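Paired with chain B in one complex and with chain C in the other, chain A is shared by the two complexes that follow.
Showing the complex of A and B:
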């Protein structure tokens, strides 16, 4: 195509300016503003000076790490077995389907399942283990977050496994490797890119799932996302909220650099 | 005795884990009791409650109107954005634009929500109609849907051969005719897929909406959140049964579109799906 009417593409560039660049600048700007509207560095001083925020960041990291770890642990075998099935595209669709059900509804389901009088407790008391507090604990938060993230991990791993050239596997077998050796020496290394993009898709959102911490974690689990929501919508201290936001953005870039695929492959 | 196939056992366990909560919700929608703990008998009573709850029905309608509108506008802007990115000769420029494009896809929802809240509060102090409410929610949904549309349309553009447009020019078509009669029809599968994705993004979004919605406007997700904080009400279960049926229909529709899309071009189909990841 040689030319396109600029009127058609202007909205797109307006969007980049107004909704991509401006918000990032605004959040950085606000991180230097205190609650009275004056320019200050005290938000950062607060953040790095008091153990409270650093502890919260560390906890948030730990939760995200645990969630990502368990998600990879259960998703990898599933993705691997899925590629062996006959109608794999259809099965993959069944994995994706739960992601189309609203996240809030899934969280709501777990309120019923984990409740003090809920099914899991009925099940436990059947074995003589009395009703336990499951809802509003770290455990329930991790289970529900993992549950929600699994499809997002399976998809990229599945795609990476699918892209492996079958002739490589045949070559490995011809050269005398058994099934396990082929899996660990050939399939796993070749699918690492999928795992990496899965981690990218799971780890960062796990830092910011504030609705889950509220509904499932009670107020015992506080992540970076919860803190941001609290500062913006409850205490109205936008400066501090933006500071935490900037920290989250920096973390996001670090994660992306670590897990980033090598360029030029697309 | 037959040997147990551990692969299938694992797959079954995982699928049960994935679907149990959803079916649990739907199952209790038919409970005549009031809790999600004990099934007391079959009844449609919660569906009747749902259909009598005009407030919730209006919210449902508004959520769909919002999804429909935001997806439509995002698709238009995103399609031309993709064409514009594609037309840049330099690889560096294209990559830079693409990185800008992807920022909103990789950003956590809370960051998008918080920064949009700042943006709309500032804009609202200048232009009154942009203060928090339907307008801000609509603009936010358009904003976070545009990049996904671009990612769905771009592979189709890359797949299109230049000779196609060259031929059209040679045959005397002007720029506008090439666009409307050659390029856009070629891109249609990508555009439809982009619309679908934008639509579901809008329906699913909670965090961004939660930040930028004022007091006057609510979407379904926000409403479910505030009801769920108050405790269990089986009306929500009835609603989720309907929502699940609807997503089933959407997924089936999407499946056929994407199959159409990638029947001859399996690789491109995969690239598209890779891009879909958030």
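Showing the complex of A and C:
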């Protein structure tokens, strides 16, 4: 390998040090500090001792799981369909396009769509189904979160499907498999890596969604992300907030290890 | 004559209406023989294979398998299996599961699958490799897995799409012997595709030479080598000296300014023809003894023989393969017998060619 000029690696190390290692160390440090500035283990005791936080953790997992589940459910067929299109690159671009729009703007757009005077209720009242409370429900939260995550799921699945050698599909047909069998026995297993990457890209961020929980979920959905925000901005209990942060980081690592186990094994 | 196993009747394949990949191709394939479709890339040989496998449709014409028209039978319902050029193995399955794939689809009982897979692995000499991942196998081994995966289903016809092209020279020669003996052992029809004429000559019972979507000539390797139908085949199969000549009358041809006795006939008197003499049939001799007097231009040592390029008085180029060496710049003689001369008519169809050969051969 060519030797890299050590000067060029400085920005990289600086970045890692300032924005990855230092914040993590700070969070770990704060997680051992109580609200009065003394060293303590009570934050962790609190977290694992009271049912409140464990419930919140469970809730975060549940929602992240539901969001990821629906994202896969929508994205896989969509990605599969995209690979069959003539101008697939263009269509893929259209799918990716919404990710360039700020999350906040999309959230506000959904408030307009799901609100009591929103277009969905207009449409429903057209059939005589009177205005319903859609915004600030679990339903709207999951729909919007899924919508926002879909591009991050489609991309890796699309790429994995594109990488499948077409002659493998012909081989499957040649060996007697019909189209369904080919799909379930060849296409699906060969695209699983894409699904795993997609789950990593969707499940982990979904664990700590907090803005959507407020704007769309109406604060009825409390996830770990919401809790962290509350502790830092409202109750000012940085120690507890950091503790939740540490737990979240550990969970993320676990998820990455689980979904990433076979990636090195070709 | 027994019924052919596969029969193409006036098969045409075109893409987007204007590009004709196959132009009215008809042929019969018999059971238990080794066939080779030989031609340069783009000649339509892979298209023929795909139509037999059912991976591509014929635009018009009929394809028969065992007497039944199979144009509309999908690939997964045909008793034909393919060894693909890039092997197309399933990377997510190990060797055993790759080979068992087709059997599992057919819902063969598990113990029977195990028996058949073991047998197939033994056939391709990969016993004990069941649990290997495909990524752990070498190119030659993958090739064998691909063959095992295809033969385990007991197809009546095995299609091989340039399977040896990715292997190195030595492995290739080895696989040629192995494929040939595998075909003998299984007793099924092999249809082998290649652009390598040596491979075709070495392995086949029957060769179809293709060019531009047509079958130019079909026959045994010896027929095709010794009696090429036209310039294209003579040039494509082996090396040859092709010169223009005039067929004075049956068994007398004029070229290079002289008349020579030959064994061909059935042409019109004084018909313009092309004459083929294979480089290994030309024997170096002294200028007095030779039928042709030529000047040596260059000489290359090829190991098994010297490759000597010469020019005669009229400017015709002659290529000679000889175990004796010549000296560039010297005048030498070339001698050959009447049976070494092969005369080809211009634009003769394969039917006319075969009929003419039959008329004077017996």
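Operating definition for what follows: the second predicted complex is superposed on the first by the 250 of 266 C-alpha atoms of A that agree within 3 Å, B and C clash if a C-alpha of one lies under 4 Å from a C-alpha of the other, contacts with A are read in each partner's own complex, and residues count from 1 in each chain.
Assume contacts are C-beta pairs under 8 Å (C-beta built on N, C-alpha and C of every residue); 3 or more make two chains touch, one makes a residue touch a chain.
Fair warning: this is a prediction, and the values are worked out from it, not measured in the lab.
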Label the relationship between chain B and chain C on chain A in the superposed model as either fit or clash. fit
Reported in degrees to the nearest 10, the CA-centre angle with chain A in the middle and chain B, chain C at the ends is 80
Mind working out whether A:77 is in touch with chain B, chain C, both or neither, as first, second, both or neither? first
Now for A:95: first (chain B), second (chain C), both, or neither, which partner does it touch? first
Could you say whether A:190 touches chain B, chain C, both of them, or neither, answering first, second, both or neither? second
Where does A:178 make contact in the superposed view: on chain B (first), on chain C (second), on both, or on neither? second
For A:236, select first, second, both or neither according to whether it touches chain B, chain C, the two together, or no partner. neither
Shortest CA-CA distance between chain B and chain C [superposed frame, angstrom]: 18
On chain A, positions contacted by chain B and by chain C: 266
Using the touch rule from the top, collect the residues of chain A that touch chain B in their complex. 1-5, 8-9, 11-13, 15-16, 18-24, 26-27, 30, 74, 77-78, 81-82, 84-85, 89, 93-98, 100-113, 115, 117-119, 122, 147, 150-152, 155-156, 159, 162-163, 197, 200-201, 204-205, 207-208, 210-211, 214-215, 224-225, 228-229, 232-233, 238, 241-242, 245, 248-249, 252, 256, 266
Where on chain C does chain A make contact in their complex? 53-55, 74-77, 80-82, 84-86, 88-93, 101-102, 105-106, 133, 135, 149-150, 153
Chain C-facing residues of chain A, complex: 165, 167-168, 170-178, 181, 185-186, 189-190, 192, 266
Seen from chain B, its contact residues with chain A in the complex are 7-8, 10-11, 14-15, 17-19, 21-22, 24-25, 28, 35-37, 76-78, 80-81, 83-84, 87, 97, 100-101, 103-104, 106-119, 122, 139, 142-143, 146, 165, 169, 175-176, 178-179, 183, 200, 203-204, 206-207, 210-211, 220-221, 224-225, 228-229, 232, 236, 239-240, 243-244, 247-248, 250-251, 255, 259, 270-271, 273-274, 276-278
